[in-house]
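Both complexes shown next keep chain A, but they swap its partner, so chain B is in the first and chain C is in the second.
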Partner chain A sequence: MKEKISQFCRKNIVVIGIGILLVFMAFAAPNYFAYSTLTGLLTQVAIYGIVACAMTIAIIGGEFDLSVSSILPLATLLFAAMLPTLGLPLTIVVVTLIGVGIGCINGFFVAITKINAFIVTLATMIAIKGIMLTFCDGMPMPAVNESARQLAMGNVGGITVTVMIFFGCVILTELVLRKTKYGRNVFATGGNYDVAQYAGINVRFIKFSLFAILGGAAALAGTLLTCRLQAGSPLYGSDVALYVVSAAVLGGTSLAGGRGSAVRTLLGMLFIGMLLQIFTYINVYTYMQQLIQGAIVVVVVIMDALPSRKKGSDEEPVTVGNPE
Partner chain B sequence: MGEKTVSKKRGKFDLIISKYGILFVLAAIIIVAGIISPAFLTGQNILNILKQVSATGMLAIGMTFVIISGGVDLSMGSILSLCGVVCVIMIPLVGTPLAILIALAVGVVCGTLNGIFITLTGGTMGSAFIITFGMATALGSLALTVTNGANVNAAAFADFKEIGQGSWGIVPITVVIFVVAVIAAQFVLRKTTFGRINYCLGINDEATHLSGIKVKKFRVLVYTVAGLFTALGAVMLCSRVSSASPIQGEGYELDAIAAVVLGGTRMGGGSGSAAKTVIGVLMFGILTNALNVMGVSSYQQMIVKGIIIMVAVLMDKRSIRVENEMLARTV
Partner chain C sequence: MANTALEMKHISKSFPGVMALDDVTFSVGEGEVHALVGENGAGKSTLMKIINGVYSADQGEIYISGKKVSIKNPLDAQRNGVSIIFQEFNLVDTLSVAENIFIGRLGGKKKMIDWKSIYKEAEKLLKSLNYDLDPRAAVETLSVAQMQMTEIAKAMSFDAKIIIMDEPSAVLTDNELKKLFDIVEDLKKRGITVIYISHRLEEIFQICDKVTVLRDGKIIDTGNVEDLNKEQIIEMMVGRKLDQEFPKREKKIGDVILRAKGLRRGDRVQDVSFELRRGEILGFAGLVGAGRTETMRLLFGADQMTAGSIELNGKQVHIKSPMEAKGEGIALLPEDRKKQGLLLELPITENISLVKLKKVMSKGNLINKKKEKDVAKGYFDSLKIKAPSVTQRVYFLSGGNQQKVVIAKWLFSDADIFILDEPTRGIDVGAKYEIYMLMNELVAQGKSIILISSEMNEIIAMSDRIMVMHDGKICAELNGEEITPENVLKHAIN
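Our next item is the complex of A and B:
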């Protein structure tokens, strides 16, 4: 019985966490419970949330991508540079495709040459950062455009278009993961690479596609961020990889691969978003906020790994990267 | 038959390339840089390079231990920032020797924490990546919190500056420290129980565990050693530049990984040595210096570094395949 309770707690850690935060705010700041707080929270997490959906698929497939924290700011700069000549819709498409292209480079090295995804994306992260800083010379670029602003900030009852796109991504991810052959193959590949291969799944394509999706999602998030902030900057989004991985793992997506869901990642995003809101509310210093964010990752990853140490549990031990 | 002899020849050639290729590349870089810029091959510049690489080289030596054990440490840059900041802040309070000791203790504690957390999560490369990634953020912001984001000046502490800027004869003190550290690391890796167990962890930690070795204890120890080397590097670096910045170490962990991999120590563990890392460190230092002398911007240098890491890993993959083929042939 005790075992069951602890299992339940571990599985629903994010729900419990959100509950604790809500109770805390009920005492500390009753005026926190307003509709505007909720819409504000959603707007705040929506852009990184799009990357989080893609990262959830990748983690389920047993992979991981650090380079999103370079692809996202690169996309904001490219968007700012192309917007005046190409117009809004075409710019979004082109920038997203460039993101997919970069993702394909990652995917090639991971899936075909079988190098550990951490090393590959670490290397591309540095290289893309270099390209991006050369491109903009370290300076932000303005992207003032009314229709772009409308795209990001236009809203129905406080729910902005960005939030709608985010929800669309969550639903799409969930449908793809649960209802399509591709989704099932991702689970199988992440669960056990060799078995999936013997079962006739094109595991290389699956691994490759994970990175293409991530690159596209990061670039799309970058364009939406630029629409909202009306500028591109090499400094935007440097924390996105840490943020979305902790959200996914908080939501119960296992770093071991083969287990997870986009809806739970959404809850993880909300938890971190709420935590940051509360930090601002009770005046926790920015550097301290980052410290706590880093600490959350460490704690969450340790908790994610712990069940595998219990006897008689059905959990797999944590292994991330290419199962070679 | 003909095909076989050809492939055998190719195999030998590949083996030479995979074993000594790195030295050819190093020579090529030196020659090209020397031709493009005469300033490169002057005695002063060579001493400069040695001085510059000895601080980062300490990190690479620590990283060598970690990578041989089958892990990785992305938090080294942040540990460096934290130790540097703590050291310089402490000097006016407790004096230079004690401040340095405190900085080393901070490094050891951070490294040990890394080790404990990684052991708790199963000790795989993946868990090492994600844990040290989180620790990098946490410790980096801790360094920022300590100084409130400002730099700390160490220009007034003559005895502290002596470490990084002084020299015995023409040999800079930092270079002496680095050489001693390399010899010590090489000795520990080759001649001590801890060193041999370090290789075992990287090859197969399950088998190591089954042969009665306390895997967890030793894995923690590996990261502690890495933390200690990082703290030493922090002291040397801060003393050389006469200040400590809370973001000083940003990106240093990547340089360290690149140097280790370039030297030929394998990601994934089980092989490599401190001596190999010295070659990687020199190569990386010479390359950075050559790019600087040639006037390549620091932004473009990042592109080059990213590509170099990829190429080094790809070459390593290839040499593993070649060695396996050779092994299969002899069997």
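Our next item is the complex of A and C:
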């Protein structure tokens, strides 16, 4: 029984966390409970949430991508640069495709040349950062455009278009993961590469595709961010990687691969979003916020490692017969 | 021999479903080189692991130099002067010889390591053993024989009185083998007792004083090597009649379905050619490391061959990945089912459907969970998989049931050729029988099976033909009457 309770807690840590925050706010700031807080929260997490969906797929597939932290700001700059000549719809498409292209580069190095994803994406992250800073000299680029603003901020009852896109992404991700062959193959590849390969799955394509999706998602998020902020900058969204990875892991997606869910990642995003809202409410200093955020990541990763460490020990529950 | 170095009295050890050691009494004299032989699964490793404290015996006592000892873990064994050298060494490749010798004891109680004295100490030790080894050399730059020397130096640094060598020669070249013999000879001169485990009988006649034969967890006999010949030892090792462990079947062997010609990859697979017929079980026998698994990996596209060709149904095919192999109707049940065969975190259903998801999809290319469950339920019942339900995670199943899930998975894939690599390893007798029945059913349906097995009984009873491999080459093809344990062993040991 005790075991069951602890297992339940571990599995639903994010739900419990949200509950604790709500109880806390009920005492600290009762006026927190308003419809506008909810819509504000959703708007706040929606853009990163799109990247979080892609990151969830990637982590389930046993990979990890730091470079979204550069692809997203690069997309804001590209969007700002292209918007005047290409017009809104075409710009979104082109920028997203460029994101996919960068993702393909990551995917190539990880899946084909088998270099560790951490190294590859760290390298692309730094390289893109260098390009951006050269390109715009570190200054923001204005992208003032009414229809772009409408795209980001237009809303039905407080639910913005961006939030709708985010929800669409969550549903799509969940559907792909649970119901399609591709999704199942991602689970298999992340769960055990050898088994997946022996089962005749095109494991290299799976790995490759994870990064292409991530690149596209990060770029799309970048375009939406530019629409909202009406400018592009190398600084916008440069903290996205850690944010979305911690959201995914908080939601129970295992860094070891093979386990996870987009809906739970959504909850993870909401938890982090609420925490940041609360920090603002109770006036936690910005830099302090970052410290706390960092601490949460560490705690979450340790929690992720705990059950698997238990499992990874030599104690096997199955009966093993042959002593030879 | 005046004194006994090691005595084991009435040792028994059982694992679920297997009696690994049954009332084993075994003694080794001081300064003796004592061979321990037996087939795979005879219990040699279990016995050695008990001496070394990896396993604890259910019953029995161990005496070292006449004193009763209790060995609960490898550290106890070390304190009692017992060291074991495994076939795959316990060395850290990137560290130096000296670091490996003193690993775990570097610096003693001090915080800082005194490298100068470490290297000096190692040099002194190596010199006293007459080993020409640079204590500063990284282990990865050493030859296999030199690694063995490092292991022995490590054992000697613990003042080992008894050194157990588990298949020390399996990976050695002829030249290195001579060096190994010198090393063993030298240890003997120093009064060290050596327990020498090997499949290669001729070595035993060259360097051992005594030999003990184990079979089915029992000691068959201990004798002086001088008084025995190779045939007698083989007879003792094999010695049992094949009984009703194996279900009978009617043979219906058809045309050639697969023809491999001159397969080659490095020196692990050299010029391997064979044919496989419809409805046939083709056995691949040989010692561990003979190149059987490596050959199958070439067939399955998991590794690329450097030369040779494969024909399926008379047409040449190029299989570059397991994905393509699956497309050609080849299925591989890997040796290590936990690492290579199953997604332990996923339920039985999803493990089975993985290889052919198309078959459980409904319109719109979406997975139909109900269909998936029905399919799994079918195999669940027909293969008698024992689990609370088909949605049980595979992690919680026993070895035999896990293996059935792997088989179910490949049955579901509609393969024509099944490569079974040690399909019954670690499985209890009852489940083994069911897996043999399944194999018979498959060939009765006109499918073909390649069976790799290190269990002599199994491969002899189940195979229609046997290819025996040795050192990456096929050294014999046995048909009909030629299929006897003695023949297989003779060729495998070469």
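Throughout what follows, the second predicted complex is superposed on the first by the 308 of 324 C-alpha atoms of A that agree within 3 Å, B and C clash if a C-alpha of one lies under 4 Å from a C-alpha of the other, contacts with A are read in each partner's own complex, and residues count from 1 in each chain.
Heads up, the rule we're going with is that a contact is a pair of C-beta atoms (placed from the backbone, for glycine too) under 8 Å apart; a residue touches a chain by one contact, two chains touch by 3 or more.
The structure displayed is predicted, hence computed values, not measured ones.
S.K.: After lining up the shared chain so the two structures overlap, which partner does A:I302 touch, if you call chain B first and chain C second: first, second, both or neither?
M.R.: first
S.K.: Of the partners chain B and chain C, which touch A:I131 in the superposed model: first, second, both, neither?
M.R.: First partner only.
S.K.: Would you check which partner chain A:M288 touches, where first means chain B only, second means chain C only, and both and neither mean what they say?
M.R.: first
S.K.: With both complexes superposed on chain A, which partner does A:K179 reach: first (chain B), second (chain C), both or neither?
M.R.: A:K179: touches chain C, not chain B.
S.K.: Tell me the contact category for A:V195 with respect to chain B and chain C: first, second, both or neither.
M.R.: second
S.K.: Could you tell me if A:A123 is touching chain B, chain C, both of them or neither one (first, second, both, neither)?
M.R.: First partner only.
S.K.: Applying the document's definition of touch, where does A:L255 land relative to chain B and chain C: first, second, both, or neither?
M.R.: In the superposition, A:L255 touches chain B alone.
S.K.: State whether chain B or chain C is in contact with more residues of chain A in the superposed arrangement.
M.R.: B
S.K.: Touching A:T113, do we find chain B (first), chain C (second), both, or neither?
M.R.: first
S.K.: Could you list which residues of chain A make contact with chain B in one structure and with chain C in the other?
M.R.: 317-321
S.K.: In their shared complex, at which residues does chain C touch chain A?
M.R.: The contact residues of chain C facing chain A are 13, 15-18, 20, 40-46, 49, 55, 300, 302, 321-323, 325-327, 332, 334, 339-346, 350, 353-355, 357-358, 361, 365-367, 395-400, 402, 409, 413, 425-428.
S.K.: Which stretch or stretches of chain A touch chain B in the complex?
M.R.: Those residues of chain A that touch chain B are 64, 66, 109, 113-116, 118-120, 122-131, 133-134, 137-138, 239, 242, 245-246, 255, 285, 287-298, 301-302, 304-306, 308, 317-321.
S.K.: Which stretch or stretches of chain A touch chain C in the complex?
M.R.: Of all residues in chain A, those touching chain C are 175, 178-181, 184-185, 187-188, 191-192, 194-202, 258-259, 311, 317-324.
S.K.: In the complex of these two chains, what residues of chain B are touching chain A?
M.R.: For this pair, the touching residues of chain B are 72, 117, 120-122, 124-127, 129-131, 133-142, 144-145, 149, 251, 254, 257, 267-268, 297, 299-307, 309-310, 313-314, 317.
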